[in-house]
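Dumping the structure here so I can ask a few things about it.
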Amino acid sequence: MEGQLAHIGAGIAGLGTGIAALGVGNVAANYLAGALRNPSAAASQTATLFIGIAFAEALGIFSFLIALLLMFAV
Amino acid sequence: MEGQLAHIGAGIAGLGTGIAALGVGNVAANYLAGALRNPSAAASQTATLFIGIAFAEALGIFSFLIALLLMFAV
Amino acid sequence: MEGQLAHIGAGIAGLGTGIAALGVGNVAANYLAGALRNPSAAASQTATLFIGIAFAEALGIFSFLIALLLMFAV
Amino acid sequence: MEGQLAHIGAGIAGLGTGIAALGVGNVAANYLAGALRNPSAAASQTATLFIGIAFAEALGIFSFLIALLLMFAV
Amino acid sequence: MEGQLAHIGAGIAGLGTGIAALGVGNVAANYLAGALRNPSAAASQTATLFIGIAFAEALGIFSFLIALLLMFAV
């Protein structure tokens, strides 16, 4: 059973990857809600949209990285 | 029991895939809510809709990838 | 107990399939709310409705696929 | 204990079936809220109501299917 | 411990049955909120109310069925 428990850990980290998608979706959802209420201001906030998505996505990718490390590096 | 625990991990990662669908659904839901409130601006935000869906979907696919790796690669 | 733990994993992935239904339901719910507030614009957003449902449904089907793989392929 | 762990998995998949009911309920709830605010437009969205219910219900039935497979097929 | 683990599964499926009640309650709650805001239109949506309740209730009954099968049939 050496190393087997690490695979359960990798799966749980994959769960974290999926939950991070909620955060990314939340950023994009609120941008869209605001941009369609006030389209003329939308272009000025595109940079902020990508900043918000990038930071949330980064945490999801960290989760993914943990899963990869648990599977192949430890 | 070699490799069996990895299958539980794969199932948990599959749970993460399903949760990512919430994030994707959130983006599309808010786009639809906004587009039906202000249809004339909807076309200008289609690109953002796909950007938002793509980033959230990517994390769901990472989760799916972890499940596949746990089943067939480790 | 060979292969038995994979069945728990399949069940957890099936849980993910059910959660993905929340995302799909969210897309359709917001479309209906918007379409009944502004029926004249509803037809123009039908394509977006199906795009949103398709992406969220895809992640749920990925979850279902993981469950099937865990039951019959590994 | 042959096959017993699969029964826990079937129960977890049954939990997913129940969660999918939230998605279906969400679609119907938003339709009713909209239809009672704007009854004259309700008939035009009945098709969308059933499309939304069908896609979310399908994922719940996939969950149910996983539970049945875990109980009787594996 | 033969068959005992199936009872845990039955309990988890019963949890799913309870969660489905949230979906059903959501449909009825939105109908009531709308019907009390616009009582004259309430009668026209009674059919939809029962359709929405039926589909969400069905998924809860599937969950209940899984629990019964786990207790008496497997």
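Order of writing sets the labels: A, B, C, D and E. Residues in every chain begin at 1.
The rule we apply is simple: contacts are C-beta pairs under 8 Å (C-beta built on N, C-alpha and C of every residue); 3 or more make two chains touch, one makes a residue touch a chain.
In this text the structure is predicted, and so the values were computed from the model without any measurement.
Chain centres here are C-alpha means, and the one lying farthest from chain A is E. Rounded to a multiple of 5, the Cα-based rotation taking chain C onto chain D is 30 degrees.
A separation of 19 Å divides the Cα centre of chain C from that of chain E. Chain centres here are Cα averages; for chain A and chain D they lie 26 Å apart. In whole angstrom, the spacing between the mean C-alpha positions of chain B and chain C is 10.
Those residues of chain E in touch with two or more other chains are numbered 9, 16. Touching chain B in their complex are the following residues of chain A: 1, 4-5, 7-33, 35-37, 39, 42, 46, 49, 53, 57, 60-61, 64, 67-68, 71-72.
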